[in-house]
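Take a look at the structures listed below.
Note that chain A is present in both complexes that follow, paired respectively with chain B and with chain C.
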Partner chain A sequence: MTPAPPIPSMTPRQRVLAALGRRPVDRTPVANPTSIATVELMDLADAPFPDANRKPELMARLAATGYTELGFDSIMPVFTIIQESSALGCKIQWEQKDNWPTVRMHEPIFREPEDIRVPENWMEHPDTECVLEAIRILRREFGGEVAIIGKTMGPWSLCYHCFGVEPFLLMSLDDPEKTRQCLENLKEMTVAFGIAQAEAGADAVTLPDHATGDLVSAEYYGRYLKDLHKEFAERIPIPIILHICGRTVDRMPYIAETGMAAFHYDSKNDPAESMAVVNGRIGLVGNINNPETLFARTPEDVRREVYKNLDAGVNLIAPECAIPLQTSIENLKEIPLAVQDWHREHPRAPVDGETATGQEGGNVRAR
Partner chain B sequence: MGLTQDLGRRVELVPIDSQGGDITLALYRQDRDGMPHYRVHTYSRREAAPVRVAFVAGAMGVLGDCEIAGPLLRFPCGAAHLLAARRLFLESSKLASSAAPVRQPLEIFDKKSAGTVVVTALGAGLYQVTGADPARVESIALGLRKLAELDAVRGRSDQAAFPCRTAHDALMGLLLGRALNVRSALREEEMTASRGVLAAPSAQK
Partner chain C sequence: MSELGDIASDFIRQEIEEYIARPDERERITNTFRRASERMQAIAAALIDGDHPTVDRLTREALEAGVGALEVMDFGLIAGMSIVGVKFRENFIYVPEVLACARAMKAGMAHISPILSASGIEPLGKVIMGTVKGDLHDIGKNLCIMMLRGSGFEVIDLGVDTSPDKFIAAVEQHNASIVGMSALLTTTMPNMGKTIEAFIDADLRDQVKIMVGGAPVTQDFADDMGADGYGKDAVACVTLAKQLLGVAA
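The block that comes next holds the complex of A and B.
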């Protein structure tokens, strides 16, 4: 067999985009579809929560530390999941530096699908405009060097925020038609915000839509969300990384059919099993455990999980979700170090049944 | 070039130092010549931050009778006493920078038994708790063991010993105040640690 030609050294942006397109990469990228902000990085950038979620300069500055300090291949400035919900009129608990802003879901703003009113100028709301401006700042500052990942919330998650988790899930059981109507009424926000972020300079967007294993079944995903997610993949002009927490291996066959670029998956799913299920139809991003490994364990434990993902052929390495704000810097820095070491140790890592040629730092084919 | 440093392993964190303008303080462990050292650090670049770091490190020196060499602290015995070091850091960071840290005595008034509890150094790192209520004495001795990973002494529920077998009177004075209500001390630690961990939608209120 003729060995594959060596892959020339790539910039972080090229690497991430190639991996999202499941094209050859010089090494597996380290990306963060969700936040990697910590309280120590907030100090370093002088950009603490909650202000770093509301002021574009602070948002951009804090996000940039993922690349400049931690060595990730991407910058992701949308730390929370509340920006669109704030623009819709949900009450937000902004919290302090050491805690996440959250939507007060026990004070829902809608009860019925016909209650849904999307303000005409919602993208000019300070909390959504902040995201767009932060992306523009990052694009200006980092040009084409590093991948900038935005975030647009899916309608299922927005329904949790606007109707409350329990009322919305009960509606989905009692009245599938109403449920579909809610999703339809909110889906345009997802598309519009995704497109606006692409125009502002985002290279890809994360799309969290929390059809999580502990709340809804795989059958629900297929029934309510698969087609919507297909539509997002068709209408949003940049790669989409779908994010769903929890055990999701049962719905990965559906997710793999959406046409999205990648699925950001949780540590409750085994990397090898997940790779086998998606079978090259969608990329996987993940899945370093947050609450135990990154937050409470050592760099050696982080390294073990990175290796487990690389051994399975996972396309992009990342924490499984937004990391705890008290996560240590040494644990985060260990992720890119471990990826580089793994590639040095596996210069001829087999990919998709082929054997790649090795150069310094390791060369691999599309993973 | 990045601004983060290789400071060793982070062993404790105060995410919001309310006495220091809400900066984040961390305690890092570094091993030098096979001996564990600790370093108080902040990544804040605010003007007052270095003063605050120096204060907390100095307070740890006084409250725990630690040796200070430049930015590093260590226990004179050369042992790590990791849990004790973390407790020492947390307690020191609660002090205002204007306060003068004072070594705590080896006796304290215990509200629950309405009497004074005394800890006596018996030598070689062994300490004995005495007080009017035997149940409280036992509970406080257990609290000391939990807070600082001290050794139990066979047949003596009123005693605890430092594994290094060296006296640590200052540290014992500091721990005694917390040993009166260990559960509350541990609960406070757990609550601080659990902040900033994102909950799944199903777990959110």
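The block that comes next holds the complex of A and C.
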């Protein structure tokens, strides 16, 4: 095999975008498709919750610490999953600095598909406009230096928020047609917010749509979401990182067919097994464990998990989901440090190009 | 096989054959259904199928025909739930299907509960359940409650966002022997420990057993918080509750 030529040093943004496109990178990027905000970072940036979820300047300032303080290759300003639901009229419990805001799902706003009313100017709602403005601020401040990742919620998750988890899951069993109607009625929000964030300056968007194995079967994903997710990949003009928590390896074959750039996967799934299942058809981002490792253990434990992902060829290294707000900065900083060390220890890391077959190459990493 | 052959319902036999693999569980469930009448097996089958109108009707008809409320509960509803629990634990079914079974269970219990209350039959134990302060997620807790009730426990559901004071007040009011706490968020998990500390401060810690669960919760975390037990899912929650009270599983 002819060794691939060395890749020149990349900016963080170039690195993330190349990895999302499954093109060669100078080293594996460290990304945060979901929140890495912590109480320590809030203090450092003087941008505490809940205001950092509602005021664009604070949102941007807190998000930037992921790059400036922690050394990640991306900035992600949407710390929660409530912005669109707030614009739809869901009640939000905003909490304080030490907890995430949450939708009051036990007070659902819809019961039937025909109840769904998307306000005409919902993107001008303060909680959605805040996201767009924070992205604009970050793009102005950082130019093309670092990747900016936005977030647009998928219709399955929006249905949890608007109908309540139990009523919606029962509807999905009792009346598949109604369920599809709900998803159809909400999907334009997902597309429109994704496009708006791209126009505001986002390089990619995370798309959480929690059809997790902890709640529903893989067959459900195939039945209700695969085609919708394909549609999102076609209509949103920037790379999409699908996020689903929990056990998902059984539905990765479907997810790999959506045409999305990457799948942000949870530590309940083994990296090597997951890579084998997706087989180069979609990138993987993840999957450093939050509650046990990042929150409760040491940098050495973090490093071990980073190495396990790199050994498996995972495309972008990231915490598995929004990290606990009390996570130590020390543990978070260990992620990029470990990635850099792994690459120093593996100067001829395998290059698998577009085929993900693992052939030898130069100082390049392309999965 | 010959033991399974003693079960009249084809549906129940097939369910056991297809889904119940552990020898101890298979023996226990098979023995239960061998002792169950055809009428009870039909109730269990409808429950496993998530068919709440049929469970409602068959339960009412059984009681009207003179079948005892306890027999309907033990050999119809709880026996059916024992298969549902195993299928859920082993990922043969998921939450929507379990919710449908719970709805069917509820339809049957609506006829049974008033009779049991009036006759003074004691539950296995009283359990206070709630999602901890700051956490609004309740589906895991609700599944546990459904399985606990389906196993003969009386459960007082405090809902979501439950403060330590509310847990304590409920234990005092209901003289409960177990507290179950749930959390989905890593930010709210520490509130389990705070609630346990509040029980210590209130001098009530020795009077209750405390169990915890939720997606991010682990056995290590439960130990660190000073809980008496951790259950990884709704089936484990029932087993744990029985262990904590010294009741045979």
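Just so it is clear, the second predicted complex is superposed on the first by the 356 of 367 C-alpha atoms of A that agree within 3 Å, B and C clash if a C-alpha of one lies under 4 Å from a C-alpha of the other, contacts with A are read in each partner's own complex, and residues count from 1 in each chain.
The rule is simple: a contact is a pair of C-beta atoms (placed from the backbone, for glycine too) under 8 Å apart; a residue touches a chain by one contact, two chains touch by 3 or more.
For clarity, every value in this text was computed on a predicted model and none was experimentally measured.
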Partners on chain A (chain B, chain C) - clash or fit: clash
Which of chain B and chain C A:P56 touches, first, second, both or neither: neither
Touched partner set for A:S157, first chain B, second chain C, both or neither: first
Touched partner set for A:L173, first chain B, second chain C, both or neither: second
Touched partner set for A:E330, first chain B, second chain C, both or neither: first
Contacts of A:E292 with chain B and chain C, given as first, second, both or neither: second
Touched partner set for A:P48, first chain B, second chain C, both or neither: first
Partner chain in contact with A:P33 - chain B first, chain C second, else both or neither: neither
Which superposed partner A:N99 touches (first chain B, second chain C, both, neither): both
Partner chain in contact with A:S217 - chain B first, chain C second, else both or neither: second
Footprint overlap on chain A, where chain B in one structure and chain C in the other make contact: 98-100, 102, 105-106, 165, 214-215, 245-246, 290-291, 295, 324-326
Footprint of chain A on chain C - complex, ascending: 50, 91, 94-97, 99-100, 103, 134-139, 142, 159-161, 185-190, 215-218, 220-221
Residues of chain A touching chain C in the complex: 93, 95, 98-100, 102-106, 165-166, 169-170, 172-174, 213-217, 220, 245-246, 290-292, 295-296, 323-326
For the chain A and chain B complex, residues of the former touching the latter: 39-44, 46, 48, 68-71, 96-100, 102, 105-106, 157, 160, 165, 210, 212, 214-215, 245-246, 290-291, 295, 298, 321-322, 324-326, 328-330, 333
Residues on chain B engaged by chain A in the complex (per definition of touch): 2-4, 6-7, 9-10, 13, 15-16, 22-24, 26, 42-46, 193, 195-198, 200-202, 204-205
